[in-house]
Every structure is written in C-alpha cells, then in structure tokens.
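The following blocks contain the structures, represented as structure tokens.
Two complexes, one shared chain (subunit A), two partners (subunit B, subunit C).
Let's look at the complex of A and B:
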C-alpha cells in the first residue's frame, strides 16, 4: 500500500460520496418536506444515466446532453408528483413504499424494454478524458476530478439556496411544519412540486455524471438507492448537512474498505483467511458503519430540528 | 361460525387432495406450484406478524429466506444435509440475525426502521454474493434434499408437498395462538399506541424485538424448505425485490388477518407464474398491479370478502 494509491482511493471515495450526496439530498429533502419515502429515487438516477446515453448518442455532445437532462428530469419529477405521488403525501409510509416500489418495478422493466438488458457505456467527454498530475507519481483522471468539483459546487449552491433564498426558507419551514406554512398562505402545493422537481433533477444530474464511469444497466439505481438510504439514515433524515457529511463518509468507507480491507486484515491474520474474510467484510463495511452510528445516535448524526 | 372451524379444515383438505385427484401432468405441476405457494405463504405469515400485527414495516425480510436457504445449501455442500442438523441451524441463525439487526433497527423511529431493515437485508444479500465457495452470485445446486434422521424421506416431490403443508398448518396454528395470547395482545397494542403500552409497564422494544426474532426464525424455516424444494440456493432469493413481494402478499391479501398472507402468496405466486408465460416484460404488469393495489386495495382481499372496512 503506497501513499499515491491511498490518495487515489481517497479521491475515488470522495467522488462516490459526491454522487451519493446528489441522490441523497433529493431523497432527504423529499422526505423532510413532504414526509414521503421515495423508493423510486434510485430509478430517477438510472433514468438520468440512460437519458445521458441516448442524448449523447443523438447530439454527440456530453455537455449538451447534461444541460438537456436538467429540464427533462425536472419535468419528469413534476409529472410523477402531480400524476401519482401527490395522493400519497397524506397516507402512511407503508402505502408510499408500495406505490414507489411498484414504480421501481415498472421503471426497471421499461428501461429493459427500451434500452435492452445489456450494459451500456457512455464515453467520457473528450475535453476531460486525460489525467491530471496532482503530485509526484499521482495521476488522477480529469473527469473524476470534475465530478468531485461539480458535486461540491452543487452542494454549495444547494446550501445557499436553502439558507439564503425565500424559496429555501419556505422549504425549511415546510420541513418543520407543512400545515402551518400552508395556513400562512403559502402555496404549499407549488412548494412540494418544486421540491420534488429539484430532487429529481439532482438525482438525474448524478446519473448523468456517473454514466461515463459506471456501466449502465437496468437496476443500477437500486444499488445506489440502498446506499442513499444508508446515507440518509446515518446522516439524519431530513437533514441536508447530515446527508452531505454522511455521503462523504459512506463513499470513503465503502471505497477505502473495498481497497484495503484485505490488506488491513493481513496485518493480523493469515493471508488466506484475510483473502476470504476481506471482501465479505468490505461489502458490509458501510452497514457496520450505519449500525455503529445508530447504536449511539438512533436519530442519525445531524438530525433535522423539529423532525420526529 | 362455520368460517372459524370449517373453512381452515376445508382449505387443508382441498390442498391435500389436489395432487391426488388430478391427472399425472397436472398433478406434478400442482405439486410444484403448490409447494412454492405454500412456502411463500409461510414467509408471508411471518411477515404479517411484524408488519400487520405490530406495525413494523420491514423491507429486509427476504434476508431470512436466504439465511434458511443457505443453511440448507452449505450443509448439503459439506455433506451433512440432515433435517435434524439443518432445521435447528436455520432457525437459530435466522433468530440470531433477527436479534442482532432488530436490536439496532427497533431503536429507530418510523421511516428509519424501513430503511435500516432494507439496508440490513442488502447486507445479507451482498454477503451471500461474496460466498465464492458456495456459488457466489451464481448460486449453489444441492446434491439432494435433506435426509430426515438419515432416511431419504423428502426426495419424493409429493411427500415433500405434504411435509410443507404440515409445516404451513403448524405455523398458522402457532401464529394464531401467539396473536391471541397475552403477548400477542400487547404486541398489537404497540402498533396502536406504544406510549400507552409503555405507560402500562411493558417494555415496548423488548416486545417488538421478540416478535421480530420469531418472525425471522419462521421465515428462515420457509427459506430452508425452499432450498430443499428447488434443490437450489442463490442470492436471488434474498433480493429487496423479494422483500417487497412478501410485503405485497401480506398487504394485498389483507394485513393482520393471517388468511390474508395465504391468499396474497397464492395470488402473487400464481400471477407471476401465469404472466411470465405470456410476455417477456411481464414485471411491468406486476408493477402495475402493485400500483393499483397501493392506490385502491384498502385492507386487502380478505377484508373485501368479509365486507369489513380496514
């Protein structure tokens, strides 16, 4: 294990964390403001990635497809909210789980129908296809740095939006008590639609950014959704700050765990035993993290104020 | 009321007679499909205990199917595949997993419980995937079904069908007694008003954890039998999609009715079997059924039949 290798994996972990944050932020916002568990959020990430595939193929430009995905996903989010989900904000979580679960099944199969089962790939945009020398002996792909940069920029933008704008203030108020906000004369319906649209947009954005580095396959959203759940529960449901910290934590633990678990175990046990336990332990590492956090703080690391 | 005494006996009689009165081909098909339906019914019954009666929305229940199944698979691979060893092992390991994960999950509130059980279920799934010497993601084929104290009793599909039926009946009777017992009444109360139950002096977390462990163990039993029935075990039996299906079986059939999960399991297994023969992309139809059920099916089919409001 060398320093450059460790730093590379550290950066990979950050990159995964940033992608996770984009999906988790939407999920935690939707849950915080509308009290709605959206299992289909991972599917939105998947749709974003597949849209990127088609749009890049049609327009030939990754940047253009990225810009097109934003409004497309926003509209998709609005559509889902208006047509299906708005009936469920008042119903209990079980019903919400059922309807979003049904939607995942439909979306996963629809993707298989339209794009086929075989894994697809999106080429890394030419401008970012090189590597950047960060320090002596450390080469890191430019595109992955771009992901980290873009994700952090979105995080900052989101933070500003939520804390410094009127809409953001309404979102925070809605997360605390939606009924009072509605009683004060705010268009709560519009607020919900906005939150859902933005959440869908963020998830789609994450999907587009992830498309060139992950293989596109039906069901890719589901694995991501599970990670997003771990993030939200660890960070505190309804809390964007919690989602940010937790997603970086989960990304780092997962990536570093997979890379170094076997090596770390070899320090204390035989090579063959480490080789067997290592991978299993690595795949369980984030769940162990989540369990450990919840053991000491059942409401998560940064529970949103006023949330039950 | 004739429904109380006669209906269950009638159902058991019908299911028991089915393979005997139909022609050879239909009989073999009925035995395979019926076994599958009954095994999922056992799993769904166990979920009803915690979901329907205790209000604990667990999205990782399929993990226990996997644990029981892998108990069968691993023992068979190591050539010690006997029910006397395998069954207790499946039950104990399932109970331990339920106890450990339940202990952490139950301390959380509401929606977090759902997400955590989902995450733990996935953890078990990834663990099973990483077991390379037992097939990994491809799964493991059993050499033969478990022997019963050395005797090769379960190798006949028909015999196994009746064994499964007997297990289902036993589980049903056990759960019915449990739900009606004092423990069961306390458990049901925790769904309605946990604070009041705590004020009465009961430890709500302990009650819930006990129910969770019992449900996990019963589901492990279902998994153990499933692996023996198909003579195959793979991580595909413990995906979150399967957990969702189990939930639907309970809800579609009718939560907290015990008959509901039976009906739900039969309907959904039957539907999957039927639809998959017609269209390659049949999951879309199944997803649509789920959506419609979520929108309209209040109380499930059983309550629809009874004419009761949920």
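Let's look at the complex of A and C:
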C-alpha cells in the first residue's frame, strides 16, 4: 500500500459518497417528511438511467436528455403519488413496504419488456470524455469529477431550498410534525405531492448521472437502494445534512474497506486466511459502521429536530 | 355385404397401422434454463440456439416424433429440483437438457440421474461431476470449467506474462474460475481480488490494479458486473497497460453493451463465431438471420446439444427404452459440431480445442469474439482419472 494509492482510494470513496448522496437525498426527504418508506426509490433511479439511454439515443445529446429527464421524472413521481402512494400515507409501514416492493417488481418487469434484459451502455458525453492523471498509469475520467461537482451542487441547492425558502420551511415543519402543520392551514397533501415529485426527480437525476459509467440492467437500483437506506438511517432520517455527511462516510468506509481490509488482515494472519476473510469483512464494513453509529446515537448523526 | 367387408377391412388396416406407429413413442426432451433470473441473457441465447437446431431438424430428433418441453428454473436451485422431479416423474422425459448456473445444475443433478434420466448440460461444467461424482447419465456438452479458465493461464505462460492480477466476484463460480487459471498459470500472482457480488463501482479495484502493475490481468465477471468493470478499466486508461485475459466476460452476451471498449481484449473459450468449419458457418449465418444478433457460446453449446441428441436418436432408431444403447450413441458424438473436432472423454465431458479469443468489431458494425490461437488442442480435463467410468 502506498500514499498515492491511498489518496486515490480516498477520492474514489468521496465520489461514491457523492453519488450515494444523490440517490439518498430524495429518499430521506420522502421518508422524513411523509414518514413513507419508499422501497421503489432504487427503481426510480433505474428508470432515470433507462430514460437517459433512450433520450440520448434519440436526441444525440446527453445534456438535452438530462434536462428532459427532470420533468419526466417529476411527472412520474406525481403520477405515482396520485395513483398509489397517497392512499398509503396513513397506513402502516409494512403496507407501504409491500406496495413499494410491488412497484419495484412492476418497474423491473416493465424495463425488461421495453428495453430487454441485456445490459446496456450510455456513452460518456464528448465534452467530459477527457481524463486527468491521478498517479502513474492511472487516469481519472473527467466525468467522475463532474459527478462530484453535480453532487456538491445538489447538496448546496437543497440546503438553500430547505433552509431559506418558504417551501423548504414547510418541508422541515412537515418533517417535524405533519399534523400541526396541516392544522395551521397548510395544504399538506399538496406539500407531500411536491416532495414526492422532487424526490423522484432526484432519484432520476442520479440515475442519469450514473448511466455513463455503470451498465444499465433491470434491477440495477436494488444495490443502491440498500446503500441509500444505510445512509439515511446513519445520517438521521429527514435530514439533508445528515444524508450528506453519512453518504460521504459510507462511501469512504466502503471503498477503503474493500481496498485495504485484506492487506490489513495480512499483517496479523496468513495470506490465504486474509484472502478469504478480507472480502467478507469489507462487505460488512458499512453495516458495522451503521450499527456503531446507532449504538451511540439511536436517531442517527443529525436527526431532524423533534425526532431525537 | 361386400361394402361391409370392405369397411371392416379398412377399419382393420387402420387399427393395425395406428397400433404399429403407437409402439414408437415420441422422444421426450425437456429444455430447462434460467430465463427469468437476473443476468439471464445467456439463458435466452442458449434457448435460441436449441430452438434453431430444432427448427432445422424439422422439430424431430432422429426423424422421430419429438416432444420438447420448455422449462424455466428462474435461477433458483429449489425451483429446478421441483421442476426436474415433475419432468421425470409425471412427464417421463428421456432427457433434460440445458442449465445456465452451476449451483442450479448441481442441485438438480441427483433427482435427474437417480431416476436414470439423461442430463445434458449446455453450460455448467463442474469439476466434481467430472471427477468423483461422475454419472453415466450426465454429459457436459459445453466444457469443463477449469479448462475454460485455464486456457488463459496457459496462454499467459506461453506469452511469458510473469505477474498476474486476478479478479472475480466472491461466489463459487468466481472461485472456480480463478482456481482454474491458477492451476495452469506458473507465474507470480500479485493479487486475488474477490469483489462483492453486486458491486457496481470498480474504481477502487481499478486503482489497485494500477498500483500493482501486473503484466497480465485475468477477469471472470459474467453479466453486468463485467460490463461495468471493463468500461471502468478502459476509462482509467488501464486496458492497454496490461494484457487483459478473461473467461465469460467479453463474450457475445456482454459485447453489445461493451462495444468499442472491449476491442482488443482477450478471453479464453472453446468456441468463437469465426471458427472455420462448415457446420459453424451455417450455424452463425442461420442464427443471425433468425434472431438478428451474434450468437454466443451459450447458443453454440445448446445448438450442438440438439444435434448430438438428433444423432443419437437416429442411431438407436428412436428406441429410447434401451438406455445403454442411447448412452453409447451419445458417447460416440457422431455429429458435426460447430466447434469442429469434438469427442467425449471417459467421464463424458468434452475433449475439444480451447482457444484464445479476441473481441473485435465486424465490418457490418456488430461485435464478436474471434479465435486467434488454439491454446490447448483436443484437451481433456484432469478430473477424468477420478471418475469410475473408464
């Protein structure tokens, strides 16, 4: 292990964290404000990626397809809310899990029917196809830097939206106590629909951003969904700041764990034993992190006020 | 009176002829594959290969009435066992053909061979079944896993690539493939990287490869993980700095997604679309005409399996009741394989060529693998000596 490799892995961890933030920001909003467990969030990420595939193919421009995905996903979010979710806001969490799980299956099969089951690829946009040299023999695609930039921009934007606008204030109030907010005369149903639309938009946006570097296949959102739940539980449900810090933490721990677990174990045990235990331990690292955080702070790192 | 006796005569003739043809029961074959699992592209390609062969044979094996039952094991071992038992006990099939995943095939193995039904694998080639657990009812029409991966290892020796970095997902097939490579590779293994099964972002693994600076990289990553890994390796500028060797990673099931990023990368396989023999040329042309995509080794093995069954049924004249005769006919492998030279070893696994293949773009814009070197001519696996069949 060398210093340059360590620094490169730090960067990789940060980039994974930022991508995780893009996926989990929407999820924490929905869960925090509406108390609604949306398992289909990963499937919405998948839909965003597949829409990017088709729109890039049709328009020839990644930027145009990115801009088109925003309203498309917003409308999809509104549609899902009207058709399915609004009937479940007051229901038990288990009912919400069941209905959103069903939605995952429906969306996966729909994607299989429309786009087929073979993995698909979206090319990196030409403007960002360059790369920088990170260390001897290793190039870092400029596009990944763009992802980091986009994630940070979204974090800043959401932070401003939530803390400095009226709508953001209502969202924060709704996360604390939705009934009182409704009693004060705010159209809570409209607020929920807006939050859902924005959440779906964020999920779709992260899907579009991820599409050029990851292969598209039905069910691609499932891995991110689990990671996103780890992030929002660790960070504190309903808190954007918590999601941001937790996603960076999870990204770093996961990446550094996978990179160096085996090497660290080799210091104390035989090479073959380390080779067997290392990968398993690396896979567990983020869950151990989550458990450790929850042990000391059961509501997460930065719980939304009123939830601690 | 004359009319009545004529009618009776006709009726008698009709009864006699129908009872004569009823004595020859239709050949019953089931094709089972993991159609509705994740990473099921290979399953569909296998099914297409088998269906194409069946179509060319006019829907009949050996010219005899045939019934084919198509089954989906969903990639789940328990579903495969249930369906295999049904096929054997209720439908009394003569053979079960197919399978995509090794763990599913291993689960279904016992119920099928214990009932003395033939099991022809069009993909899994597990080493236990090639050795101690061999069965007179099991045939691998595809390959033996160690050799499929080992060919890359042998090529790495021949090309004097003295350091190698290995990477595969952390499950049994991954471990088997890396094991197969290691068995034949004599150089120094700088690292064995087992990645989590559903990992999507390989940037940290790519960074480790860059830091290790191996001369060879051996990859076993079927499906979308492989597409992700190869793309990210290429984007990091590493694909040109190492000799990229693989199995099941840059094959025709992944090339439509990888496209240009795979060009020039190597793999090891027992078949490639450009193999120059008449049976293969016909197969590839007909397949592309029928389905519109380039066939993969999954399709080729399934096609061969159908042709093999056809030759064996023909040899026993459709009499499936004599299992020893049918087995002998299968073992003869008296059919024109798309792989060219093909025969069975004593353990009923193939003796065939294993090639170094290279991913390339065809003039018509489609992508395929091309055999560039016959690394292990007519090679049988090392487990045959452990098998009790001689």
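The definition used in the following text is that the second predicted complex is superposed on the first by the 300 of 308 C-alpha atoms of A that agree within 3 Å, B and C clash if a C-alpha of one lies under 4 Å from a C-alpha of the other, contacts with A are read in each partner's own complex, and residues count from 1 in each chain.
One rule holds in what follows: a contact is a pair of C-beta atoms (placed from the backbone, for glycine too) under 8 Å apart; a residue touches a chain by one contact, two chains touch by 3 or more.
Everything quoted here is computed from the prediction, not taken from an experiment.
With both structures placed on the common chain, the touch criterion links A:294 to subunit B but leaves subunit C unconnected. Of the two partner chains, both subunit B and subunit C are touched by A:279. In the superposition on chain A, contact of A:138 is made with subunit C only, not with subunit B. In the superposition on chain A, A:113 makes contact with subunit B only, not with subunit C. When both complexes are overlaid on chain A, the residue A:103 reaches subunit B alone and has no touch with subunit C. Of the two partner chains, subunit C is the only one that A:121 touches; subunit B does not reach it. Looking at subunit A, you'll find residues 222, 279-280, 283 touch subunit B in one structure and subunit C in the other.
For subunit A in complex with subunit B, the touching residues are 31, 37, 84, 87-88, 93-95, 97-99, 101-106, 108-110, 112-113, 222, 226, 229-230, 232-233, 237, 279-280, 283-284, 287, 290-291, 294-295, 298-300, 308. Residue ranges on subunit A touching subunit C, taken from their complex, read 2, 4-5, 8-9, 12-13, 15-16, 19, 117-121, 124, 131, 134-141, 143-144, 213-215, 217-220, 222-224, 255, 258-259, 275, 279-280, 282-283. Only residues 38-41, 44, 170, 192, 194-196, 198-201, 203-208, 210-211, 213, 223-224, 227-228, 231-232, 235-238, 241, 253-254, 256-259 of subunit C touch subunit A when the two sit together in their complex. The touching residues of subunit B, when paired with subunit A in their complex, are 51, 57, 59, 101, 104, 107-112, 114-116, 118-120, 122-123, 126-127, 129-131, 240-241, 244, 247-248, 251, 281, 283-284, 286-291, 293-295.
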